[in-house]
Amino acid sequence: MTPLDPARIKRDFPILERTVRDGKPLVYLDSAATSQKPRSVLDAERAYYETCNAAVHRGAHQLAEEATEAYESARAAIAGFISAAPSEVVYTKNATEALNLAAYAFSNATALHGIVGNPRQDPRFVLNSGDNIVVSEMEHHANLVPWQEACAKTGAQLRWLPVSDDGRLDLASLDTVIDERTKAVSIVHQSNLLGTINPVETVMARAHQVGALGVVDACQSIPHMPVRIRELGADLVAWSGHKMLGPTGIGFLWGTPEVLDAMPPFLTGGSMIEIVEMERSTYAKAPQKFEAGTQMVAQTIGMRAAVEYLSALGMDAIAAHEHELTGYALDRLDALDGVTVIGPQDNVNRGSAISFTVDGLHPHDVGQVLDSRGVAVRVGHHCAWPTCRRFGVPATTRLSTYIYNDRSDIDAAVSGILAAQEFFGVS
Amino acid sequence: MTPLDPARIKRDFPILERTVRDGKPLVYLDSAATSQKPRSVLDAERAYYETCNAAVHRGAHQLAEEATEAYESARAAIAGFISAAPSEVVYTKNATEALNLAAYAFSNATALHGIVGNPRQDPRFVLNSGDNIVVSEMEHHANLVPWQEACAKTGAQLRWLPVSDDGRLDLASLDTVIDERTKAVSIVHQSNLLGTINPVETVMARAHQVGALGVVDACQSIPHMPVRIRELGADLVAWSGHKMLGPTGIGFLWGTPEVLDAMPPFLTGGSMIEIVEMERSTYAKAPQKFEAGTQMVAQTIGMRAAVEYLSALGMDAIAAHEHELTGYALDRLDALDGVTVIGPQDNVNRGSAISFTVDGLHPHDVGQVLDSRGVAVRVGHHCAWPTCRRFGVPATTRLSTYIYNDRSDIDAAVSGILAAQEFFGVS
Amino acid sequence: MDLNGLYQDIILDHYKHPRGKAALDAPLASAHHVNPTCGDEVTVDVAADAEGRLILGYQGQGCSISQASASVMSELLEGASVEESVKVREAFVAMMHSQGNVEPDEDVIGDGVAFVGVAKYPARVKCALLPWMALQDAQIKAGLMAPKEETR
Amino acid sequence: MDLNGLYQDIILDHYKHPRGKAALDAPLASAHHVNPTCGDEVTVDVAADAEGRLILGYQGQGCSISQASASVMSELLEGASVEESVKVREAFVAMMHSQGNVEPDEDVIGDGVAFVGVAKYPARVKCALLPWMALQDAQIKAGLMAPKEETR
């Protein structure tokens, strides 16, 4: 395992050369929101448009053949990155769509099931009153609101696993929250607000014990650590490309062939069909069944370059680098007066997203002072508003690192926090 | 109005310089499937990634501000292109998603309405048994299958306007097919198989007469002619970016503010919310309400460059150019033995997609011979299988032109058809 | 960037010493607004005295900009006529949408001029406007709008 | 490109003079397959004689490649044992997935070797495989599979 060399890596990212706010060098500590893109990703996408752009899976001319080959071999590369088979990976526009796809399987199957004359739906997806769906108190809105909606449309009940004061999933109630009436359990692998890495295998095992479908939101884990997808023990896993060096506009749903086959389609239209008549249609097998219409083809090619870039660095090396940097950041924040980390304070089973509050200062004001010094962090509820409420804060400031960050970036953030305390007179 | 100069335009499209099949110059006649992209679109997208890539509508640092500004000013430019207000344009991943968004408004409102305790849904979207939805017999699967699914989930009936032998919408039954129980009418503006341009204003007027929602699939019209969106008389209009010089992975739904407000959300998650609690959420106003999760931001920037490129040429000039070329192509095909155009044979209210059959030859074989000569056309049912059935053919060969095509491209296709007839001994 | 241009002393002073921050006992109407990106919130209460002059109250939590803005608003509009309140609000809103390119009129918006630097930061404009939007809403609910606005 | 390499004379001959193209009167099983991108379709009927040898029939419409492939298949497998049919089908399928890089064995797949050029055209591979996939399906339905395949 070769350790990462962030100074060298930075040179592959054109944007990291720019300055902000009157000539300050950019210190980008917002990769949990979206990562920056290396030149090789931009080159790959452009090369696709300049050499073989065409409709995939539809044309018989040479461009169409080449485009189809590029699109499907990108799928194979992305699947390989998580040790999956290509046919288990569905392209979506982002993780949010992937999680909606999972949640809509339930509301759609329930609606179709209720209408006489429809082909019978797989009972695993049909929600009856008294059934429930389980999430946690540390979910991103993308893994909460779609399930609220599925419940609202079917009369099922939404339940959640609580979070402990130190930012861990509280599993004491695992066996009571998830019960015989649970039809789906959807849990975040690594919290984007707290940084916590959850024991999803344990939660998925309990889900399967009661016959519920297991879903994992891996948006913050797959970009940062080696993931062998089957080891999560889930039926479905969602994540996004833009957080792992990939283009905007592409996300993924991995699923076991058996579950993908059993799910009703979500978006319908061209390319996902088998036979179409005016009265009725039949559908292709997964993954095509879930890929209606012209897809984000150029983005799949860019994504392939992204996973190749990550693989060349080595996901083990990336995880080790971030672990070291996270430890350093936690130590430096711990030494600051008036600063409280929201989330695990020990560097165990935790990722590189670190949320904190500063006594007497609103996160927006902390972020603004950091920004004035060129340091880009995220402030707000990070699309995990209920998690903020759980910790009694309206919002937090979050710094999050990636392959191109090093200790000097953390130091810049720490100096910025001190400057904010001084500026607002709270130090 | 300055006439188009295709030879000059071609130079802006790097891919059109390549050769295929052992050195044959590429003759691209498949723009109805997807268009090629000019350098300015690729440059704009790349510049975004290299200078201000960040999460939009979420961050408070300078990159995030610049990204948000780029994203929203792209929306304003795209809206301006169709004479709409920015807040009336919703970003989707393709036209298929936009049409699903429209169809799901009905199945979602119906499901939510059926569950006691949910906020009452707008009755326009609630389907009761006995209600119906109307499409036509010349729809792309993207504007047929989502409505089949909405009907299957609610028990509503799907109806359609028939197509006449000359490939026109048969309006004789307009007032009986669309009746007092019709809740939605969704019609293609320009057929991608037949080339027919439909009098959508007439159909929309009838829809509104009975209080039904009017939807138009403008995938093949907005790229090819000037469209002032309000003049279509619709409530919702869907189209895609990739067919009009834009990147893959971006589409659009235009809607009147009143209708967008009345529709329930579709994809749910981050950025589309107002307040999120564990038990329930409230939602932002349109267009944000329909833009859940991290969007295809770079693609919106590329799309802005695409509409700027088209506007610089002038949509009037583009329509005139294509009209002239279509007339030429129809004449040349008409002069060929054994060739039958499927769709309007007069060059009136028709666009540049021309489908045809060749006696004794299967479209796949025609396409293959053309491909061997560097001519890229599309063969198959063009995602309008029921339309093929209507005309008693399993498939067609389709040539479709755009701004970079000229008469020599049509000539190349005609020579290819003659070569195919000779090769298979049917001439 | 010039932090002092954004956080002018007036703003910091209002932030640290908010004026008029309290709920009304008997409001004619109230409006609760949130900034969905950061969770900041404000509740504005309105009532009117015998001459129809505004009585204001507010509560809330948020960043220095949103809190100082609420304080400035309260100081400016307490006891103002409905017409005045509309004029001041429109001037403040116009300034916030100017990207910092207009010279604000201190005669109209008083301490509000201190927010001209905020207008250069699109992400903070929403913070400054939060209490003013809630005020507008509360006035509409209470029927305390200038005739011209009511019919728009 | 070499059109003659794709459309070898054998293919054109089978296309113009299809062998064995007819439905069976009393099939043990049938399978109808379509190519969803172009609408081509084929129905394959299977039965077996007293010794368990295959009796085949097919109907369909489609391009020269799919129709010639059905004709070649019918000629090769009519009267074949179940084991033979599986061996031939697997050899044909393997060749079609080879991208044209293997030397096909004429002793096993007979006229099927003519399709080696088709394997270079990904969009046409599906056409060539259409009848063979339908055959496999029909054989499974009829229980006419080699023991090894049945348990897979």
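Letters are used for the chains, namely A, B, C and D, taken in the order the chains are written, and counting of residues starts over at 1 for each.
Methods note: contacts are C-beta pairs under 8 Å (C-beta built on N, C-alpha and C of every residue); 3 or more make two chains touch, one makes a residue touch a chain.
Just so it is clear, the structure is predicted and the values come from calculations on it, not from any experiment.
Novice: Going by the touch criterion stated earlier, list every chain that contacts chain B and also contacts chain D.
Specialist: A
Novice: If I rank A-C and A-D by number of C-beta contact pairs, which comes first?
Specialist: Pair with more contacting C-beta pairs, A-C versus A-D: A-C.
Novice: Taking each chain's centre as the mean of its Cα atoms, which chain lies farthest from chain A?
Specialist: D
Novice: How many angstrom lie between the CA centroids of chain A and chain C, rounded to a whole number?
Specialist: Roughly 38 Å, centre to centre.
Novice: Would you kindly tell me how far, in whole Å, the mean C-alpha position of chain D lies from that of chain A?
Specialist: Inter-chain centre distance comes to 45 Å.
Novice: Provide the C-alpha centroid distance between chain C and chain D, rounded to the nearest whole angstrom.
Specialist: Each chain's C-alpha centroid was found; their separation is 77 Å.
Novice: Centroid from C-alpha atoms only, then distance chain A to chain B, rounded to Å. What do you get?
Specialist: Measuring from centre to centre gives 30 Å for this pair.
Novice: Could you list the positions in chain C whose residues touch two or more of the other chains?
Specialist: As it turns out, chain C has residues touching two or more other chains at 37, 121, 124.
Novice: Quick one: which residues in chain A touch 2 or more of the other chains?
Specialist: If we look for residues of chain A contacting two or more partner chains, we find 21, 58-60, 64, 273, 275, 364, 368, 371, 379-380, 385.
Novice: If two chains touch, include that pair; go through all of them.
Specialist: All chain pairs meeting the touch criterion are A-B, A-C, A-D, B-C, B-D.
Novice: In their complex, what parts of chain C are in touch with chain B?
Specialist: Touching chain B: residues 34, 36-37, 121-124 of chain C.
Novice: In their complex, what parts of chain A are in touch with chain B?
Specialist: 14-15, 18, 20-21, 26, 28, 30, 33-34, 36-37, 42, 45-46, 49-55, 58-64, 93-97, 99-100, 107-108, 110-112, 115, 118, 137, 140-146, 148-149, 152-155, 158, 160, 240, 242, 247-251, 265, 267-271, 273, 275-281, 292-299, 364, 367-368, 370-371, 375-380, 383, 385-386, 389
Novice: Show me the residue ranges of chain B that touch chain C in the complex, using the header's touch definition.
Specialist: Chain B residues touching chain C: 57-60, 64-65, 68-69, 273-275, 284.
Novice: Going by the contact rule at the top, pick out the chain D residues touching chain B in the complex.
Specialist: 1, 3, 6-7, 12, 37-41, 61-65, 121, 124, 127
Novice: Which residues of chain B touch chain D once you look at their complex with the stated criterion?
Specialist: My answer: residues 21-22, 362-365, 368-369, 371-372, 379-381, 385, 388, 394-395, 423-424.
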